[in-house]
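Common to both upcoming complexes is subunit A, partnered first by subunit B, then by subunit C.
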Partner chain A sequence: MMKSLHIEAAKCTGCLQCEMACSFENYGVFNPAKSRIKVFDFHETGLKVPYTCTQCAEAWCLKACPVDAITKDKSTGAMMVNEATCVGCKVCTIACPFGTINYVADTGKVQKCDLCEGSPACADACPTGAITYIDADSTGIDRMRTWAAKLENQTAGHAD
Partner chain B sequence: MAWQRKILRVDLTAGTCTSEALNMDWAMAYLGQRGLATKYFVEEVAPSVEPLSPANKLIFATGPLTGTMASTGGRYSVITKGPLTGAIACSNSGGYWGAELKMAGWDMIILEGRAASPVYLHIENDTATLHDASALWGKTTWDVEPALRKIHQDSQLKISSIGRAGENGVLYAAVINDLHRAAGRSGVGAVMGSKNLKAIAVRGTKGVAGIKDPKAFMKATQAAKAVLAGNGVTGEGLPKFGTQVLMNVINEVGAMPTRNFRDVQFEGAKDISAEAMHAPRETDGKANLVTNQACFGCTIACGRISKLDQTHYTVVNKPEYWAASGGLEYEAAWALGSANGVNDLEALTYANFVCNEDGFDPISFGATVGAVMELYQMGVLTKEQLGIEAPFGSAKALTYFAECTAKGEGFGPEIGLGSKRLTAKYGHPDLSMTVKGQEFPAYDPRGIQGMGLAYATSNRGACHLRGYTVASEILGIPVKTDPLETDGKAGLVKAFQDATAVFDSAGICVFTSFAWTLVDVAPQLEAACEGDWSLDNLNVVGERIWNMERQFNNAAGFTNKDDNLPKRLLTEAAKTGPAKGLVAGLDKMLPEYYAERGWDTEGRPTATTLERLSL
Partner chain C sequence: MRHLIIGNGPAGVVAAETLRAACPLDDIRLLGAEPEPPYSRMAIPYLLEGQIGESGTYLRKAPGHFEAQRIALQHGRATAIDTAARSVTLDDGSHLPYDRLLIACGSIPASPPIPGIHLPGVMTCWTMEDARRIAAAVKPGARVIQMGAGFIGCIIMEAIVARGASLTVVEMGERMVPRMMPPGASAMLRARTEARGVRVLTSTRITGIAATATGLRATTGSGETLDAEVIISATGVRPDIAWLAGSGIETAIGILVDHRLATNIDGVYAAGDCVESEEFGTGHRIVNAVQPDAVDQARIAAMNMAGRPAHLSGALQMNVLDTFGLVSVSFGQWQGVAGGARVEVDDPGAQRYLRLEFDGDLLVGASSVGHTEGVGVMRALIQSRIHLGPWKDRLLTDPTQLAAAYVARTQAA
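And then the complex of A and B:
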């Protein structure tokens, strides 16, 4: 089953465990500056929103890359950066409408979320369930359930 | 190696920033943050130093677990000699700033001297520079943060700053980071102001590497997080209700100091409780509480984010206060509310916003207002002097005083002295509810006897964060003791004090200790850090830190006579509740405490004790 990261911002407390887990997974260091998932704190409303690559089916980054350094991983659906091929031209960072692929000065390459080979460290680390890794075709299932519950009393045949 | 092994020393007089290696011998003996920074402080600063003079130093310090995946590993402390108390001051804050400093590659910053004119410190990884802050002087912390991000074109800068209270020398001025997290107590913000230092802006992209055993560390931190998640207090009570979960509990046990400690129960407690923060308002149908919030790395998330009622008298036509911001924690709700007999939740929230905005401690401020209101009721202070009628229960007086103290206007500078100096000035020193000049927090020692001893012996003056025996006496953590009994409290207080010193020195939040003991902390430190961080050694480290602080205070002129409580608590019995008829039994506990500590009858560590602790 293809899975995708599912983000429910309302559950996020802004602890940044996801950012530390991401940097630790990829660089062996606790460093939000190197994280591929970022939590945004909209302090005027109190809302915190984790944000990362959605792994577009038709990915701007992949199409923009002049050296074909970005390919799709068939098992996870993630767009993967082949560091050996990447020349650090940054065209992908311009092409991506969401800003989720970024240049890393230390390596001279770009980086993006690669879904940790199907076991995303951010989702494992999230203490509130704001980030989960679930069936890619059913990311709306919980919202559907919530709305379905609201219809309960109107359902025909539910007389008692 | 979870330390960065690097200190930034800033000479504000000379205008220089230099890097030096962390003394690792001291790190092995004092761990980090509170312990290690205090070691530097006592080695470098004379105990007799005048707190607001250039000779005093100000240290911002992180711990080895700051900036790691250890839950709550985002803390930093500000260490100095406090102007409110004249004792060692160490105020701890969360938010994101501490972790950012660590990520920039520094364990601590030692600030010395005094800048000739206002400056701020900008740190970008290894590079630290002082800049002119004359355009920022006079601005609030809420204005300084966006201003610095704009100046440096860096939306990710983390900022720790003082507001006008710190500039104006309010003796309990705080250092504020991330808009509403505070190194709140003992006046560390006033020391920052006395040095003409407005802010420290940090951007760190180096991260924390070199964990001794990464695999073991991830395992240990995961296990410890599971303990927090499974605990009723840290897993349910604190995320949902914040520390305000205590308001109704403490009121019911008759330990809610009310109207400057005249009473021990507040009839309006329910109006300013956690439950009240959750309830929809009559005016706009919305709750005061918007959401909970975590500090860096915290899996508890007890922080309160509130929005004010836009029709409330405090903020009508003041849209700058309509956004969400740091809401009421229990201590603030008590100090701004019960201590003054005020039960207007929105007024308290507004006063709390103002405390954050201009950087001053709501506990000392609120408790000082309590003394002012009592002096007003007695006719000692008048409407003409105060600028407003100020009987107990007046929300309008409370919020007016908050504004005056923030701006340094009207009677504000008098309130900014704290209750000890203010009540002495007006001839009624007995009405100051303080120890060593610092105002009490939210637990009446007549109803929770152990807290009386904890207050009397706290190294930074009256405080709930040096030995929180409430956990045992009320909540039964780790074992239940009778809050009305004095027996056994000496040992309990010592155990809490020593353990807390370790939590504060590790870089984690003391609120974890609702669920964790040092048994949970030790494996995390052992996996992260070189050195001996076994349970046995941690107990010694905690006790060593406590005694080091005590020695500084003794050398600064404090004696056993300062390990005392105000006359009211020793002679006026509680009028209601389970503690009715009781006074604080300090005299029964203090000698036993000295003996437990290995101190002589004057409260001085004996030679044997010092040798045992390698001091």
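And then the complex of A and C:
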């Protein structure tokens, strides 16, 4: 069973440990600005929503890449950016309707969540269980995927 | 079933792969007019900069990828289609039969009707062969004139400068990328370009080119003369459809297709830059010619060729450009719509620009400069027609809350 990140916003306290852990895992520094998971803090409702790539089946990033730099990892299902191949053209950043693949000027490449090779640092760091890494079919990530399906341009079934 | 795909750019390759996944037993043949493996024109600027070699532009990197997918690659240029006999004629006089045909032959550079446009030293920047020619001619110290500051012109400027040339850009529109970015944003790109030593002339056209003892001399509409060793013509591209005359396939500026990417002829589909289709949200027909849309069209066309009904709701304009490190994007009706609200934050000092266009409480267009975080949600908000409700007023006050608006309206309900 493929696993995916399961996000329960109601449990999030906005501590940003996930952002810290993500930036440390990937860049060796505690800098939320470099994090691939973002916590949105809605002051009106008090709700805090951790938000990152769902590794969606549509994989707009992968399909739009003009140089074959994004591939699907067979063991985790994550869409992976091959930095050696990425030319930094940013086409994926406009193709992805979630805004979860982004250009990093420092590296001249794009970055996205890669599920940390099956051991996501954000889930490990989350002290309240708002982010867990569990069997894919029971996750709230379905809510994001529902919105992926609502992208009106895409009413086809999948060939893959 | 025999599937023939004319054109081996991104649309052709994605269509072939989609067909293979959907129809394991069918014959799939991909025809390319250039003597290269399938490659991406999008990557040519990075080739010219020296960031990658030619193989870095290839659309698929794994050795034997097409053989493993049982996609037959063939070199040749289609010159005619007999839709009654379901046969395509190639430039060597041979014929290829098909049951389903996809035309994904892309575009070709426009050739402005200017005296001297065919002189040696005047070149387009479109094919791999063009890239080789430019790489050979644009040496440190070379003087280069670039005709056109549209998207393609702007995307190659940095590579020309990186090769050590001195560059003058001549654009007949009143601003750079006039069909992609609004004036405030465009002014920022111009300032960045000029700061890197490029001379930019707008509302100006080259009216003639002559050979001199040392190179080329271009004359502008205002009578100024510009000397150069190389002139790059980047005055736009148009669908490569002249060869379809007499085929019975309906065309206007591009090949006319419906929401299934079907042409008027049974069994014939078209996708990518050669297509003219209905624009998302407006009902107008446009030639969109952008990579994400081309591959979406290719997938939908291939699904229909495979007998699995699928349709697109329309072509959404979207572009991203990097101008000497300044990243700009635009989506949808970025110029705005009649009766719609607009918010614009134009901060040249910070080199940041953000403009949102609304129709009621729907986002219908967006453009930005200097923003790289989460720009993709602009696409989702526009294309999923997400009602913003109270977030519209919040965005009119602070448009940088766009990603928050998207998350609030989709994930935090």
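Keep in mind that, in the parts below, the second predicted complex is superposed on the first by the 139 of 160 C-alpha atoms of A that agree within 3 Å, B and C clash if a C-alpha of one lies under 4 Å from a C-alpha of the other, contacts with A are read in each partner's own complex, and residues count from 1 in each chain.
The criterion applied here is as follows: contacts are C-beta pairs under 8 Å (C-beta built on N, C-alpha and C of every residue); 3 or more make two chains touch, one makes a residue touch a chain.
Model, not experiment: these values are computed from the prediction.
Enquirer: Please indicate which partner A:64 is in contact with in the superposed arrangement: first for subunit B, second for subunit C, both, or neither.
Expert: second
Enquirer: Just to be sure I read the superposition right, which of the two partners does A:15 touch: subunit B = first, subunit C = second, or both, or neither?
Expert: A:15: touches subunit B, not subunit C.
Enquirer: Can A:127 be said to touch subunit B (first), subunit C (second), both, or neither?
Expert: Touch partner of A:127: subunit B, not subunit C.
Enquirer: What's your read, subunit B or subunit C touching more residues of subunit A?
Expert: Residues of subunit A touched, subunit B against subunit C: more for C.
Enquirer: After the superposition on A, what does A:34 contact: first (subunit B), second (subunit C), both or neither?
Expert: In the superposition, A:34 touches subunit B alone.
Enquirer: Which partner does A:46 contact after superposing on A: first (subunit B), second (subunit C), both, neither?
Expert: Only subunit B is touched by A:46; subunit C is not.
Enquirer: Taking the superposition as given, does A:26 touch the first partner, subunit B, the second, subunit C, both, or neither?
Expert: After superposing on A, A:26 lies clear of both subunit B and subunit C.
Enquirer: Residue by residue on subunit A, keep only those touching subunit B in one complex and subunit C in the other, then list them.
Expert: 45, 47
Enquirer: Where on subunit A does subunit C make contact in their complex?
Expert: On the subunit A side, the touching residues are 9, 38, 40, 42, 45, 47, 49, 51, 60, 63-64, 66-68, 85, 87-91, 93-105, 143-144, 147, 150-157, 159-160.
Enquirer: Which positions of subunit A touch subunit B when the two form their complex?
Expert: Spelled out, the residues of subunit A in touch with subunit B are 13-17, 20-21, 23-24, 27-34, 43-48, 125, 127-128.
Enquirer: Looking at the complex, which residues from subunit B come into contact with subunit A?
Expert: So the residues of subunit B touching subunit A come out as 67-69, 71, 96, 99, 103, 179, 204-209, 211, 214, 218, 225, 229, 239, 290-299, 301, 305, 307, 323-325.
Enquirer: Which residues, counting only subunit C, touch subunit A once they are in their complex?
Expert: Those in contact with subunit A are residues 10, 14, 18-19, 21-22, 40, 42-43, 46, 51-52, 56-62, 280, 291-292, 295-296, 299-300, 302-303, 306, 308, 310-314, 316, 318-320, 322, 325, 327, 329, 331, 372-380, 383-385, 403-404, 406-408, 410-412.
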